[in-house]
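Below you'll find a set of structures to go through.
Two complexes follow with chain A in common, the first pairing it with chain B and the second with chain C.
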Partner chain A sequence: MKLIEDANKEALKRILEAEPKLLDVIPAREAIKGLKERMILHSGPPITWDRMCGPMRGAVAGAIVFEGWAPDLASAEKLAADGGIKFHPNHHFDAVGPMTGMTTVSMPVFVVENARFGNRAYCAINEGLGKVMRFGGNDETVLARLRWLRDVFGPEMSKTLRLLGSVELKSIVARGLSMGDELHQRNVACSSVFLREVAPALARVSTDKEVLAECLGFIAKNDQFFLNIAMAMAKTMTDPAKGIRGSTVVTAMCRNGTEFGVRVSGTGDRWFTAPVEMPEGLYFPGYSEKDANPDMGDSAIVETVGLGGFAMAASPAVAGFVGAGSPSSAANFTKAMGEITVSQNSEWTIAAMDFAGVPTGIDVRLVVETGLQPTINTGIAHREPGVGQVGAGVVKAPMGCFTQAVRAIAKDLGVS
Partner chain B sequence: MSTFILNEIRKGFYLDSVALMRLSRQIAASPGIAEAALMMGTPSNVAIMRNAGILKDGKTDAQGNDLVIAMRADSEAAARAALTEAEKELDKPKTQADGASAWRPRSIAAAVAGVDGLNLALISVPGDFAAAEARKALSRGLHVMMFSDNVSIEDERSLKEQARESGLLMMGPDCGTAVIGGAPLAFANRLKRGGVGIIGASGTGTQEVSCLISEAGEGISHAIGVGGRDLKKDIGGITTLMAIDALDQDSATERVVLISKPPHPDVAKVVIDRISKSPKPYTVCFIGADSADLPSNATFAPTLKAASEAALGRAIVNDGFDVKVEAKQLAPRKGASRIEGLYCGGTLCAEAQVILKAGGRQVASNAAIPGVPDFEHADAKGRERIIDLGADEYTKGKPHPMIDPSVRDDAIRAALKDPPIAVVLVDLVIGYGAHADPAGHLVETVADRGPDAPHIVASVCGTEQDPQVRSEQARRLRAAGIHVAPSNADACELALAIVNRT
Partner chain C sequence: MAELEESPAAQLLKADVKVVNVGLEGFVKDLEDCGIGVVHLDWVPPAGGDPEMAALLAKLGV
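Here is the complex of A and B:
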């Protein structure tokens, strides 16, 4: 017990001591060691083509065409089905990606560094709303946007960030929480604050007024722009907490649309998986739960550091996704998550809860003991490839991942 | 089928997207509506509405800061009605839902972290998990009342040792009743506060004594439960001894009543030794024992009523109730001479055995006191039965008869038809945790008994302040022809008087 408590204290200390900074935007092939041609990084724990859900397959086909590995979607699918593409989880390459989480060589990625521990994490640029690859979209508009991000926006952001040196991320999150973001479904405040931080530098480095306007407009019109930065940030925060013997603190939660995967500090890189659950949520007109794909994405990394569903109280309207959830009940979600976490983050506070820190450091023992599954705020993709987002809601991390993790740590420590 | 598309724009009207999605779902469910949405008119939202086929000619003049109300309906009338509803919902004054107060902690850790000044945990989980929860509570500095049973004697001992080391009271396992500082825990009654402290290894024994004292006008400081096994050799009275320490130090407690089954002799010696060192007067009720070798500051009471009277320092006078007078008014049942006791309360059942045995009756019980054979015993044959229906063999997989008295119904009906039975003796226990109306239930159960059925003699364990109201329960019983005595001891005496007349 003492060993576990001490290990968890150490894990928390490392998570809370992080100093995440956004350094650059560069092509994934330059940023991510080991990422090669004909390789696709996806969200969630490992998965093969034959077990991928519809939107994941749609995104894979789109990514293959985008990279020029196949001329069209049909031959792209064939290439993937015939084993012509190597699939790996983002998490195995210091990366994360929302929803389908596609990362390939020529996509520009945010580079976030945790200055305290020197580790880095990467995440592709958020494409915006509507039909997008992260929700399984793969038509020409989707690919054209990716090309623009690669050829125009990415290089402009790179110049901007190099001029600035770095952008300190924790304070942006702290301000966002006080402005109604919970950093998973709501990123409008953080995206706006981020724009304020980078706009002058972007103007300075830009040589073309039209390009400058396009870049500023792209950030300004995308309420979720900051999510991908927050995800890379969260990964740089939890990675240093990996591999502390006996620690029962969760270091990653992610989903590939088929399985939910959990990593725990004490068991290093091992995945504990269970079938993903269906989100409970609200749908866009023309769609219903019949169209919904099960839960997907690496974005639950933000819940792992106390944001998203754990910071629901900062963003009361989001509670409305759940059953008869009223915004005034939002704090109950955060309080409940407080029962399964080791501590609070005193740097990220929620004014409506008298400045309580967001509950941080999910303890798999507490999840199993209380029966309270981590709450994750999420988008909902159409289950068919190529359609895109159909709604948003809240989903629970499956209990099976946590019971397996508790048993594994008990075994490792020689207790039965 | 004809369709009608209705679009309405509210310029410069912003509402949160989740709120709009909820409202959309509500409006889409209106009669005659095929599809409906309320969305801000951003380009991506307009695309969604266009794809859903709810924009007139697939377009709208709305801008990003405008609210679009769009729907496709079976008829114009249906669309207009839905629009009216949507507008009403948008414009009506909202009241805050009572969401914030709904949170309840799911763990001891969260409760301790969330509420200042907690000092006691009441544990009522299945026995397999109870010890683990109790350890969590004790390690966080909480006293424990453990209602759970089926906890091993080894766990009980180690929990009580852990509690003793931390200076905490470990009440239970299988502790049904406690009243700490006026707060009733589990099965307990609303009592007057006063100078009598109770230490009880039994639930209904503590309830009967505390209620008789409270109804007689005195009050209770604390009633500390110790669990049915505390005075066994394996436990050695750990909690009883700590309870004595606590009540000795408590200035509100002037005198103490100790209630238990007869303890193991070694443990009895330790406890009595400890009592002899107390500055306060004690009443010791080892129910089922004939006497105990007590120091000068302690007196022995053979029954719960006697213990209450000793603590009060006077006899309990019950306005006008006189066993002899009552019995005289009751016509004997022809050819019947037996008493059958059907009890919810285990200690009330034990007290009945004590009194009937002392009254010369040959009794047997499934929860036998010393000197009384249990049903399995060869000597039990032909004896009068005093049954504890709260015992494990009757409650496996069922609620306790104090919670659900229907466990007793069949036994009561059978007894009422049994020719040799002259008196059916029952208890009703009220207060917190108990059935909302045990009198009403009993009245209903016995309503169809014949005119020459056995007499039913009852007592109500509880107080006037209890939610069920003691006098009201008694009134309902009397109205149904059930004879009500002011205590279980008096009920037993009345039963004796009835059978002794016949």
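Here is the complex of A and C:
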């Protein structure tokens, strides 16, 4: 259908022409218009407290205590249950967040701007591995780290980025892909390249050697540091493609631990939701699938631009880490995702596939036609609040989201 | 009976059998266990076999 093909070409053009740059790290209240006290932005499509999963509730309670809206976790849960907190998806405020995706007023956020279209997106700073709020952690160690990010690391990064002017992100991703990252469950190369780019400026703006060492060490020890920057980058790339009539290209995929949500260009800000699926993967010692929470996080925005599970061929090591099969089978995932996408990104290539571009532009028609669900590489959270990450794996986007989207586009175009 | 023995199908089975298996992968191992050469074609019906959805997709240009 020519209208759809033309609309999809336009959507792809806008995604591929993006020029994402990291500009700053500032408190969310300054960056995100409309974000107020006693408001929490979460991952995934809209959800109410009564339907939130365990780790999401744990993170919410921790975020409330962190902001000083309640003195302890029990009071925080009561405040949330009694309707004292307004909940909204990150995506409704130009933001994204991994796993539980907590964003509140005083959390520092990365500010990424797409210079080609002028739009911005925001994401909080990655806390590191282990017991962290994004996996539902909420004890004093978690809150102390968040306070350090707010009071020390955030301001130091802000001064650093303002000295640099901006950090161009597409080239870092391109280099990371050639160094074994797929940008979802492996970000060690991009994090290292990013550290090389900012370290001299960080040293210049820092007035305290100990603070400098702490900041450098925080980035250096966190292999997933770049993930949150990549997520904000990806959102700046897909947002300009929203609202093109007839386009069947996906502009967002996300999960809140209860439901999976998909947005499609031709239907604007409408969510197509279905129950989220359980990840299949490998577990840390002492944990098993019995401990696992269903999939969650806005991080599937990286798959939406052709990274993560779509770029598995660039990262054979990740295939083993997430329990997706042998390293030699990694390319099969990327080839399969090529069946459901309308193009490739020639700026992000995979050496192991003769420098083919990552498959980009998920077409809901092709997902339904082929039965190939988008593959997402993901971390696995414990199902109980306050525990944290217990493994990593692969999850499929539910087919129900895509069949609903196909029907909605058909209805909009008067096709039955 | 004579006609059946002369049929192309019967002739086929007199030579080494080589199989292209389409769809259900479970048959592959059974054939391999019998020493038969087999190539698997990963295939599923369009739109998961839903004729209404397949027709809609055809109208939408897939």
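We adopt the following convention: the second predicted complex is superposed on the first by the 412 of 416 C-alpha atoms of A that agree within 3 Å, B and C clash if a C-alpha of one lies under 4 Å from a C-alpha of the other, contacts with A are read in each partner's own complex, and residues count from 1 in each chain.
In the analysis below, a contact is a pair of C-beta atoms (placed from the backbone, for glycine too) under 8 Å apart; a residue touches a chain by one contact, two chains touch by 3 or more.
Predicted model only: the values in this text are computed from it and were never measured.
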Original post:
When the two structures are laid over each other on chain A, do chain B and chain C clash or fit?
Top reply: clash
Subject >> First, second, both or neither for A:Pro327, with chain B first and chain C second >> reply: first
Original post:
Between chain B (first) and chain C (second), which, if any, makes contact with A:Gly338: first, second, both or neither?
Top reply: first
Original post:
For A:Ile4, is the partner it touches chain B (first), chain C (second), both, or none of the two (neither)?
Top reply: second
**OP:** Determine, under the contact definition given at the top, whether A:Val406 touches first (chain B), second (chain C), both, or neither.
**Re:** second
**OP:** In the overlay, answer first, second, both or neither for which of chain B and chain C A:Leu366 touches.
**Re:** both
Original post:
Between chain B (first) and chain C (second), which, if any, makes contact with A:Ala311: first, second, both or neither?
Top reply: neither
Subject >> Touched partner set for A:Gly286, first chain B, second chain C, both or neither >> reply: first
**OP:** Please tell me which partner, chain B or chain C, touches more residues of chain A.
**Re:** B
Subject >> Those residues of chain A which chain B touches in one complex and chain C touches in the other >> reply: 366, 369-371
Subject >> Of chain A, residues touching chain B in the complex >> reply: 128-131, 221, 282-287, 317-321, 325-332, 335-336, 338-339, 366, 369-372, 391-392
**OP:** Would you pull the chain B residues touching chain A in the complex into a rising list?
**Re:** 16-19, 21-22, 24-25, 28, 35-37, 39, 42-44, 47-49, 51-54, 70, 96-100, 102-103, 105-107, 109-110, 113-114
Original post:
Where on chain A does chain C make contact in their complex?
Top reply: 1-2, 4-5, 248, 365-366, 368-371, 399, 403, 406-407, 409-410, 413, 415-416
**OP:** Note which residues of chain C are touching chain A in the complex, please.
**Re:** 44, 46-48, 53-54, 56-57, 59-62
